[in-house]
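Here come two complexes built around chain A, the first alongside chain B, the second alongside chain C.
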Partner chain A sequence: MLHQYRVRGWTYAVVAVVGLLVLVPFAWMVATALMSPGQTLLVPPKVIPDPATLDGARGVFNRIPYLTLLGNTVVASIGRVIGTLVICTLAAYALAVIKVPGARVILVTVLALIMVPGDIFVVPNFAIISAFGLTDTLVALFLPSIFDVFGVFLLYQFFRGIPRELVEAARMDGASHLRIMTTIVVPIARGGLITLAILTVLAEWKELLWPIVVNRSIDKLTLGPGIALLRGSYTTDYNVLMSAGVLAALPMILIFLVLQKRFIASVARSGLK
Partner chain B sequence: MTNLTLRRPEGVADGLRRPAVRRKLARRDTRIGFLFLLPLFAGLLVFRFYGFGYNVWLSFNKAGAFGRARFTGLDNYERLFSDSQLRIALVNTFKFTAIVVPGVVVVSLLCATLMQYRFRGQSAFRAIVFLPAVCLPTAAILLFGWLFQTRYGLINAIIQAAGGSSVSWFGSSAGVTVVITVIVVFLSFSVPTIILYAGMQEISSDIYEAATIDGAGSVRRFFSLTLPLLSPSLFFVVLTTTIGTLKLFDVAYVLLPPEQSASVNFGLTAVYYYYQLAFLNVGDRGYASAVSLLLFVLILAVSIVLFRLQRRFVHYGEDG
Partner chain C sequence: MRRFKSPCGLLVLAAVTATAAALAGCSSDSTGSSGDGSATVSLMIWDPAQKAGVQKAVDGFQAANPAIKVSLEQVPEDQYYTKLDASLGAGQGPDVMWQSSRAPVYVEGGALEPLDQYIEKDKVSMDAYPDKLVNLYKLDGKQYGIPKDQDVWSVVYNAAVFKKLGVTDVPTTGWTWEDMVRIAGEVKAKQTSSADVPMYYNYDFNRGVGSLIHALGGTVVKDGRGTVSSPQGVKAFEMIKDLQDKLLIPPVKDSADFKGTQSLLSGSIAMAKVPSWELSLLAQANVPSGTFHMVPQPSVNGSRATDTNGLSYVMNANSKDKDAAWKLIKYLTSDAGAKLHAEGGASMPANVSADVKAAYYKANSKIDGMQASFDVTLKDNYLRTTTEFPKTRSVMPEIESTVAGPYYAGTLSASEAAGKVDAILTRSLKQ
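So, the complex of A and B:
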């Protein structure tokens, strides 16, 4: 019921300006991707590629192992999501449902760790991963991030809302905690787990510093750092650079267009107060 | 799992009434609870606590990528004060944050307000606003590098078409600052928009009606009602954007490769400098650790200041 917001002419104008400011850069990326190198170097630039060519995309496949990078990104994302969900669900269940002694202290510690910018310490994490002999592996990409204190807190909030009677009744029926967790708590708090999964995928998608530090060979990198390698050495081939951008950005944009509502709802829930 | 499952349900219910059985069950619950917490604790112990301790230890040593670390006392910390490169990185980082945070707040407030209106194409508008959040940052950064390209870039072409003269965006500190802040705002305004929009949804329309009846115009309503009632969400947005920008790395790294030494200092951020110290060439990891600890303390200090300010400026409802 937001009737106080009446749509006026200027609303459309502002909406159009904002929308164009977001879309025009993307359109320019696609246009450049379809140009030949010569067409990208015209002054003033021509907006429509004529004739359109896929040379840029071919250049991408020649210079970087695009499909390997894409596969690595998928594997790292799935690994990170599964790891995060398992660890956070177990921990949040212990804190919110079992309520282990000292749960409050643990929760305060978790909250404090959320506030502490520990993720800037790349050097020690690299040393630890090296000690495990895991550098240049896909596991190294996501292992340090699955112990996600934010995820614990998020799921804790969801699990806390589950009626106690439901769990008590299952206990009386002789169900084990593992069983209660998988058959009662997780289905009821499904929304929370989906939220955490989406936020985790988006976080993995944006990683750059950690992958380039821990994995030096390009076969073990994800898309973001992989296409970053194209810069510098091929600065003049803008059609190749933009093709790489389109090819790399497209998978997540497609997933987003399908799961739009879930993405937006998940992000709205990340604003924990 | 437990022998409980073998008993008949009624028996368990009877048993639960007896204190001794109950205590035993509670003890078992506790054991299972800590078992469930074990993976989290183990991971945090290794990657957060041991990692932090190792980082502190390393900061008192001279250590490269190879060979053994050598204890050098406070040398690394003394170096922090005389390192002009570090000063550049910190000044840049705080400068970017000071520009990006207000930029993100203004843009996301505007977009969240626009989302409140009912017009045709609203759902498309929401998707468009969210697009930068799902776009691969590297792709967007390469794209903006191309848009701001001095000779062939679209932005200079537009400036020239409008009668201006083309700008060498990467040739000056101010130019790089503009490019970096535009990219960071573009990449990070979507999530705040959604959070502020969700916050606006929670404000009851009764309050607006009352204010309208009392004669408050839409501008007045925005500043006297929306902003104060939205302040918890706004605080969250300011906090996360500030911390995120203080940790900025990807934009500087993709836009300004280390080999372009001419312009790299214009956009050098603290984390980028930390990365260069630790992982480029032979590495200077002892000193890099000291730099990261300084950054860690600075980010914590900024967060604490923001939390202090929150008490004064943020309005929470009576029910908390």
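So, the complex of A and C:
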């Protein structure tokens, strides 16, 4: 009994220390958001805003159209999730279930592409979007990223785990591939799709370079570039910048609190975050 | 594996793209003219501190040209050239944009429109701008940009900080490097926290060390080679390291995130070397007049050499409405446009007609001693290394991270640092 208690005590201590380490930057962000510009520059820094002020948050709303940017981010996230799920499901199904000719080569290529930094595709992607005449539109924000090689690989792993017998039985009964995919494979691999959806939303929320490059008007941008615009080259009002950070993270934190269990399960399932 | 075949639709997309492009006759863009003579021109800049000034000049343009609508976009500096590369490469991009010493790259790629025929047609005189700035954008005998501004470095001190600390020994117009070190030491002695520093001086090789080398009578590049391994080069490195070792400027490990002008505004340092493009932040700050005073660079070896560079407005070779784009460039660099830009917040205008100059000094009148200081500095300045030799631009980050950083941190000697800089510069010049 005593032994067990000691172990639990240690566990709590480790959890508390790691938790604090993780939370400190967030706490500092929130504290800075509530300071006046002068307080943010004190050396050594003060941690507690005194007096606390909401000037930073007001500054955010004055300088950038926060709600528009938030709306765009939500729209882009939804579009990207739907697009990614459809494309990646189809591709992974072809590779894992149908095993199209050359599937192994394609798979190695997929793996190779995962290892290439995404930023190098910015210029060719722009050329494609520009040829469509889609620059400076909301669609341009997420269109290139729905072809997500990582998503293909992730779903491939999930689909491969589906017993072949189920698929073969369905084929015997004359089901088409589309039907097998929608009624057997996708429901069984639901966990994988949810994981991919969550990871995709997180990725879109953090996007910075691509929206700046492809879109011109401030009302067609997302939160990442909006926050970047608050960072001056020579002076920065850190309270405003951090307020924007808090405001941008807030929706994500709310979503996390609501979907906490699914988040953790998804990361645990994939071993990735 | 060798075949770069995309598994998830990129090829399909590319094929669809080609078809769509063929069908649509390429892109449809919001820029361009419609039949009734009205046009939209897009203008792209990077400096948030100058956005208000540019907007003011744009408003003036629109009042004079109601048929042309200008959309001004400010892109963060870190992403500016990435965005240009992507959009110009695709035949799109802003109609009018800022360019700096990267201009030759875009000229070589055919992305910029030569302006000679427009200049000739409208009889625009390039005499309004300093020759050395005009020539920066003259490539292969063609003029690609009209100078917008010029960089002028000076030292600004916060009189309120001196007063609060009880230091009466303030910088003067005729001061020397030794005076600067002495005054900074006095401020340091009165500062309460050991973490406080009295001043800011730029560490970077291109502008900080380079200026001192010129002041000492040396050169950074000569005859296609780096020439920093000279007594002057070594001395220049040592002078800046000396400031750091005496704790007069922030240590190099903290310098990347240290913003001199911001610290000057908040009163956490007493003086700073400040470039002209940041001055409007001081001039427009909500502080009592008499807070900020300007003096020239402290003299080194009798010289006050500082580097200069000038931005320009250039035109996209693929602009849909080149006449409207030209009208905008012409207005922004004219007396009227430069005046409005100066009033709204700008670097020192490249257009040096008396009117524009007066407007600039008036807009910054909250900074005492500015005109006297500029008069001294403008005489002694030289073209920044990366401006005079654009090929060296790409290796500057390498010099900062592999030479300057280790040198100021104490793992390289000054002569080793100078030797390494020369090797890197010479390599870049041979490319």
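One rule holds for everything that comes next: the second predicted complex is superposed on the first by the 203 of 273 C-alpha atoms of A that agree within 3 Å, B and C clash if a C-alpha of one lies under 4 Å from a C-alpha of the other, contacts with A are read in each partner's own complex, and residues count from 1 in each chain.
Following the convention adopted for this analysis, a residue touches a chain if its C-beta (ideal position, glycine included) is under 8 Å from a C-beta of that chain, and two chains touch if they have at least 3 such contacts.
Keep in mind it's a predicted model, so treat the numbers as computed, not measured.
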| said: Touch test for A:V108: chain B only (first), chain C only (second), both, or neither? | reply: second
| said: With both complexes overlaid on chain A, does A:M252 touch chain B (first), chain C (second), both or neither? | reply: first
| Which partner does A:V116 reach: the first (chain B), the second (chain C), both, or neither? | first
| request: State whether A:I87 touches chain B only (first), chain C only (second), both chains, or neither. | output: both
| said: Which partner chains sit in contact with A:A127 here, chain B, chain C, both or neither? Use first/second/both/neither. | reply: both
| message | Residues of chain A touched by chain B versus by chain C: which partner has the larger set? | response | B
| query | Regarding the shared-chain residue A:R231, is it in contact with chain B (first), chain C (second), both, or neither? | reply | both
| query | Which parts of chain A are in contact with chain B and also with chain C? | reply | 41-44, 87-88, 91, 95, 106, 113, 122-123, 125, 127-128, 147, 149, 152, 208-209, 213, 225, 228, 231-232
| field | Touch list for chain A against partner chain B, complex | value | 1-5, 7, 11-12, 14-15, 18-19, 22-23, 25-26, 28-29, 32, 40-45, 86-88, 90-91, 93-95, 98-101, 106, 113, 115-125, 127-128, 144, 146-147, 149, 152, 171-179, 202, 205-206, 208-209, 213, 223-225, 227-228, 230-232, 238, 241-242, 244-246, 248-249, 252-253, 255-257, 260, 263-264, 267-268, 270-273
| field | Touching residues on chain C, where the partner in the complex is chain A | value | 1, 3-10, 13-14, 17-18, 20-21, 24, 26-30, 42, 46-49, 71, 73-79, 82-83, 85-87, 89-92, 94, 193, 195-196, 259, 261-263, 265-266, 268, 277-278, 281
| Which part of chain B faces chain A closely enough to touch in the complex? | 1-2, 4-7, 9, 12-13, 16, 29-30, 32-34, 36-37, 39-40, 43-44, 46-48, 50-52, 54-55, 58, 110-111, 114, 116-119, 121, 125-140, 142-147, 149, 151-152, 154, 157, 160-161, 186, 190-191, 194-195, 197-199, 205, 208-209, 212, 218, 221, 232-233, 236-237, 243, 246-247, 249-250, 253-254, 257, 259-260, 271, 274-275, 278-279, 285, 288-289, 292, 295-296, 299-300, 303
| query | In their shared complex, at which residues does chain A touch chain C? | reply | 37-38, 41-44, 87-88, 91, 95, 105-110, 112-113, 122-123, 125-128, 130-133, 135-136, 147-149, 152, 208-209, 212-214, 216-218, 225, 228-229, 231-236
